[in-house]
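Some structures are shown below for you to check.
Next come two complexes built around subunit A: one with subunit B, the other with subunit C.
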Partner chain A sequence: MSAAAPLNVPPEQEPSPGFAVRLGAAQRAGGLIVPVLTAVLAFLAGGIVVAATGHNPWTAYKGIWDGAGFDWLFHIPWDTNTTHLSAFNLSQTLLTTTTLILVGLAVAFPFRCGLFNIGGQGQYLVGLIVANWVGVDFASWPTLPHVLLGIGAATVAGAVWAGIAGFLKAATGAHEVISTIMLNWIAIWGGQYLFGQGGPLQNTYNPAAPESGTIAPSAHIPVFWGSPVLQGLDYGFFVALAALVVFWLLLNRTTLGYEVRAVGYNPEAAAYGGIDVKRKYIEAMAISGAFAGLAGALDMLGYLFQFGVLDVQASQIGFLGIAVALLGRNTAIGTGIAAFLFGGLLYGTTRGLNPNVFDPSLAGNLTSMIQGLIVLFVGADIFILYLWNARRKLRLRRRAAATT
Partner chain B sequence: MADTTATVLELRGITKRYPGVVADDHVDFDVRAGEVHALLGENGAGKSTLMNVLYGLTKPDEGEIVVRGKRVSFSSAKDAIEAGIGMVHQHFMLIPVMTVAENIVLGVEPVRNGLLLDERGAEQRVRELSQQFGLTVDPTALVSRITVGQQQRVEILKALYRGADILILDEPTAVLTPQEAGELFAIVRSLKADGKSIIFISHKLNEVLEIADRITVLRRGKRIDTIPREGATEQGLARMMVGRDVLLRVDKAEPSPADVVLDVRDLHVVDERGLAKVRGVSFSVRGGEIVAVAGVDGNGQTELVEALTGLRPLAAGTVAVAGRELADYTARTMIDAGVGHIPEDRLRRGLVLEFTLAENLALHDYDKPPNARRGWLSPRRLVERAVQLIREFDIRGGGPLTLAGALSGGNQQKVVVARELSRNPAILIAAQPTRGLDVGAIEYVHRRLVAERDAGRAVLLVSLELDEVLSLADRILVMYEGRIVGEHAAGASEEEIGLEMLGGRRQVAA
Partner chain C sequence: MTNHAQALRPETRFGLSPKVVAVLGCALGLAAFWSAIPPFTARSLLVPVAIGVLALAAGIWAVSRGVRRVGWGAVASGILGLGLGVLATRSSSANLEVVFRADLIAQVLVFATPLTFGALGGMVSERSGVVNVGLEGMMLMGAFWGVYGADKGGSWAVGLLAAVVAGGLLALVHAYWSVHLRADQIVSGMAINFLALGITGYFFEQLYGNQNIPAGVSTIPNVAIPGIDHLAFLGPAIGDLNLLIWIGIAFVPLSYIVLFKTSIGLRVRACGEHPRAADTVGINVYAVRYAAVVVSGMLAALGGAFLSIGFGGGSFTENMTEGRGFIALAAMIFGNWRPFGAWGAALLFGFSTALAFRLPVYSGSAATLFQALPYVLTLIAVAGLIGRSVPPAADGRPYTKQ
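Up next, the complex of A and B:
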């Protein structure tokens, strides 16, 4: 949708567009307005809840803003006092953004092929696990090959994991929503087994601790902003930015992207055009899984270095990719912006938040709420567009009334 | 009560503008009691907008509506219904899981004990209404279980139940079989006899001449004229609609058939449920001839075309294109072997509506040089070629970057035709290529098919319109229950073919 032509169709030229066509047209017509409006509405609703709990919504949001390190973007260069903490917060926000971009793309890409990938979390975990295994086991390798091997292996593993769902859909018609959810559970329980006591990937130094080994220093992705000891921002961030470009190129400038979009819009027309629709399902899912697997690798090699059974159970970030992709309208730019927004929100309401400003336990729930509201509002795109149009119509009517 | 001269409804100077288009430009229209007034025009002429204005769905920018001498202003369909106007949309608005009676009384339910739906009363009332106007339909049947023709009757009953005496029928025959259309006409006549006024929207000339008392023709938002049926001719109406003389009959020279291009031997095809749809069909098509497959809908024509274009697997049999037997029968193989296909449902299959014209025009060869090299698409090249094809095939309403969904039906079909012909296929399979098109676009498609045949191309035409088959075909195959039951030279009689189409004479043709 990067270059949507302006659409001025008088109603009678469009005999009876189906729901999907109407939704598509509505989304195009809405352009940037609707996702922005969606986010604003979600924040407003969140603010009302904050006010209801007796806090000042403005202070709360300012606290989150500072907690996410966004104030650094507007800092005065010689103000060294605040910049230090803000810079750290922003680097942490960007670290989260890195992951969210990739798990967002993992949802956005199959979406463009008409598939709903709920399995981002599972694919992310598979990538994480494989990257950990490579990072621990190939300790004798030099840094660059070691990092590349870890990233490559995790990416392929994610692709295979998601490819299973694509294959099941192509071969048997099994719905990808069901199969990816089940593959999530297999990944979650698989991870708990592998990292758990007696598991093949459990650490060797403390048999009592159900957690993985720590990857070798040679497998660490170098940090370019902040301190490597204090979880600085690593070069994985640029890999995620590059992935946005790759996503756009893949979709809009390759024959594969053409095929994927054709299948996503109209599988019957795609088949008529000679496109092997089932194969596209497998390929789109595999590419999606590659993005998620890459996310797992960057996290593991960038700053996690090891992972425990409890971490496997607690990890949720892959699911957040759905909200990111939805808010980002399954486009490259949109996913990037939405990932940054959610990255800030996620970090700014948790560790980055000054507990004196706003209670973090409430703030964390606020994130979940805003996330939920955004998903809800995106689902209600048409409704928002309807309100938008109604407002315009009302204005026109008033103007008409004024002239007569 | 039927006073046939009194004007019950008048639209005066209705104007409606959309960005860039004047849908209706000072249109006058009136309806008398007990008459059928046809509103005729091509797609996009302004018929639907005018009726939406009348039914309160659209506010006109200018003009007024007068019902029974009183000026009215409708702000919703509810106002129009209260003024005694009913509309039957082309696409029905019924709830499939509810019964006929429930659908009809929906929103104005008869109530018993102040609370409960009076189902008996509703059914009784529906029965009375349907008897009064000869609209037979079972009030207790579920809407999902009745035929399209019956659903239309439910829509008409719904309007009558709400007290309509001015009925708008929007392209009512578009979804009906010829038999059902005949029954609908009988219903319209009985409504008319009862003093109801009917506005009959259509772009089919023969229908309008059959049913209307007066005919108003719209073209590009302007009212061209209102004429009585007496003295009106198809030719004259077509000229008014399109604005120039239209060839309703196709002029064509004698065919000069060359080598066999498509050779089908003992083809069997089954549907999703495993039922035999094509049962042992054999025929061939030569270059330079149009072979038409005639038949009533659902006799295996769709499955035949899908098999020949690789969209449905063959159960048995062989297909050879240009003398070569094919290794497999995927869509890709068929396309590469030189089969061009104008699909019967262009919205469902022929176009990706969300794609631009440039992308749609490349649907078969987006991956071949110079459109793409080593997997990289060349958008510039797609646009360049689209510019050329848009000019060559006179596609109007948009440029290379316009979305296909924004074009009119006729121009969408031109996009499909342009794509298929520009590939220079050995054989062109045209499945109902004029379905849903207006007069001007039909003429274009027909002329184009004949031109292709004259240029030596093999053309297989599959059509449900016997007129189309008779005017285009050099040879006619009649299909009935999956078999070819008759073969005729051009100029065969309509009666003979019509009888075979209904299974009147069974034989296995060579």
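Up next, the complex of A and C:
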């Protein structure tokens, strides 16, 4: 790159900015380039693996695209009848997006406070469990209060579960990454205990099945697109969209958000400025857990209705929140878009995928690979930003040295 | 020695330092429980209570003399031993015979071995200043490529080699990201986990499709110790263990010696505590960290290979490690970033898993809940309730050369 340096640059100055530096500049300008490039690179690398193992990456990705229902967007006029495949697929993608938006926000919010919440999966499970308990046990309640109670209780439960990690961080300095990992596994084993044989939340009609009870119809969130029997899209989707707005307002238009961001930039400076840093840690984690708990509630009351021990073991969606938040740069809009992308990827590589086009058991693992690559590349571009800043500082220092 | 140094020497009683008393207290707590189960099977309440109270007293005395961590450990062990011992005296002898046969020890070692390798690996990496939450992924790589190597290479030795290479390669990515690119090490570690899950799952499906790993894959042999394998108690306990279990046990003192008694270990620890100082005296911080992370991946991969071609008998399933890498991480933290501590924690966690497999004779649901114990204990440990877990000072901080 430096070979192409403009001629009018004096030799003692920095060489012309390289690729990485210009990328960083675009990033700072709020550009979409880095996340888009990150995703493209990850998909390319995934495609290379697919090609190297003797499959056609083009047909594989086309299969995933169609499986996610993304083709629906290009079939104008839009046909909203979900008995047709692409409309159905899209509704399922949006159902997954609902969850991913919220578990993504659960990672994004504490990130802005300088905390890394790996416990989204555990907080999601706690929300799921509490929503199931409320849904099964308060069967005599009318629909609206029942649904609201379930959502509220699960949200609070998620907040408390994450708040433990925040409290430990504030009170003893225990690293939130370690404590949230531990809380994840406590939630996973706790869930297996609760839903398992002889567990307190096991169903009452089949003692042999290690599954939870099915929630009462009054606790179902109404479906607005598709059939209520065939996992239609429920109003929880709008709750998730509203959560994006709440996230943005909370972070950018409230004192709490200002303080959280201040702590995220520099805890020492924030403390010097009179912000109670420890309190912010607890609050940021609790809000984060509330998002994840809400995700669990919407899933349970929206379309799962019951959950088994095997589901607890297999569930991975909370971990995807990390990739969603990182790709979305921990912003509201970014998280929304990244959640839609991953929602499509997740559904399009599993149940949505036509097995004749590409083997779903391969495709599901391709998702994990792409997820890993995206997180890896995002981790590296934090470095690009860092490098860009360092060079700028160096240049400023040199300029300052030159003028004195 | 000055008077000052003498004043700091710990108080002793009966010629025992508080630390030794505390360790004895831990052992007594175990003994309280031990007394009530086979082969001793004390049926009287008095025996476990007496021994447990003794352990409690030793612990309290040690804590009052300033040995907090091990002291509280002895107190906890005393309470647990007493409680479990009393429970055991109430239970029927037949049930006890089912749960506590001598092969429980063998089973504890089986469950502890992957954790031992993982925890030692994590320790090596973190001692050099690189946080490794990617242990799970490196283990998973070892598990899959281990069985693949054993299948295609025809020998478990090839399998182990393949596992070590695969784990090392994945660790190299983590090293490049954390040392060279100075990326966030936790982000990178999590990425490693996702990546390994995808890679192993994808290639397992690609290479073996819907059939499983063919039967008869060469597996790591057991070592029958002549003279011990036919003894009454020791025979089923340690007479016929997998080779990798012994290697894992051998790695514990080995890593202690390398890390704390050699100049190589000093360099590694210097990079983890104060990289700038290490750099100043001419240690290549980058090279040390690279090496440590790669070794960590290799060790974790051995733990993974044990799952597939050791005790697993030549099999693989997607996501085979099922969070063992995270328990290994927990064991490392619980063991305070020290080899014997990490091993002790791995044994404790292995014991809780082994017990959970046998507890269903009493209550299936309680056995499930028991599996969460390692995580609860680690949470308590990081919270500093039983003595603070202190990571190396520069753990997780990228180093920039000046």
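The working rule: the second predicted complex is superposed on the first by the 345 of 404 C-alpha atoms of A that agree within 3 Å, B and C clash if a C-alpha of one lies under 4 Å from a C-alpha of the other, contacts with A are read in each partner's own complex, and residues count from 1 in each chain.
Going forward, a residue touches a chain if its C-beta (ideal position, glycine included) is under 8 Å from a C-beta of that chain, and two chains touch if they have at least 3 such contacts.
Predicted, not measured: the structure shown is a model, and the values here were computed from it.
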Quiz item: So, A:A270: does it touch subunit B (first), subunit C (second), both, or neither?
Solution: first
Practice problem: Please indicate which partner A:R253 is in contact with in the superposed arrangement: first for subunit B, second for subunit C, both, or neither. | Solution: first
Practice problem: Could you say whether A:I118 touches subunit B, subunit C, both of them, or neither, answering first, second, both or neither? | Solution: second
Practice problem: Identify which of subunit B and subunit C touches the larger number of residues of subunit A. | Solution: C
Quiz item: Does subunit B (first) or subunit C (second) touch A:F238, or do both, or does neither?
Solution: neither
Quiz item: Just subunit B (first), just subunit C (second), both, or neither: which does A:R261 touch?
Solution: first
Quiz item: Does the superposition put A:W58 against subunit B (first), subunit C (second), both, or neither?
Solution: neither
Exercise. Could you say whether A:H175 touches subunit B, subunit C, both of them, or neither, answering first, second, both or neither?
Key: second
Exercise. Identify the overlap between the subunit B-contacting and the subunit C-contacting residues of subunit A.
Key: none
Quiz prompt | Parts of subunit C lying in touch with subunit A, wherever the complex brings them together | solution = 133, 173, 177, 181-184, 186-188, 190-203, 205-206, 210, 318, 322-323, 326-327, 329-330, 333, 363-365, 368-369, 371-372, 375-376, 378-379, 382-384, 388, 391
Practice problem: Using the touch rule from the top, collect the residues of subunit A that touch subunit C in their complex. | Solution: 49, 53, 116, 118, 168, 171-175, 177-179, 181-183, 185-186, 188-190, 192-193, 196-199, 313, 319, 322-323, 326, 359, 361-362, 364-373, 375-376, 378-380, 382-383, 386
Quiz prompt | Residues of subunit A touching subunit B in the complex | solution = 3-5, 7-17, 21, 24-25, 252-259, 261-262, 265-266, 268-276
Quiz item: Of all residues in subunit B, which touch subunit A in the complex?
Solution: 18-21, 23, 43-44, 46-49, 52, 58, 90-91, 309, 311, 330-332, 335-336, 341, 343, 348-356, 359, 362-364, 366-367, 372, 375-377, 379, 397-398, 401-403, 405-409
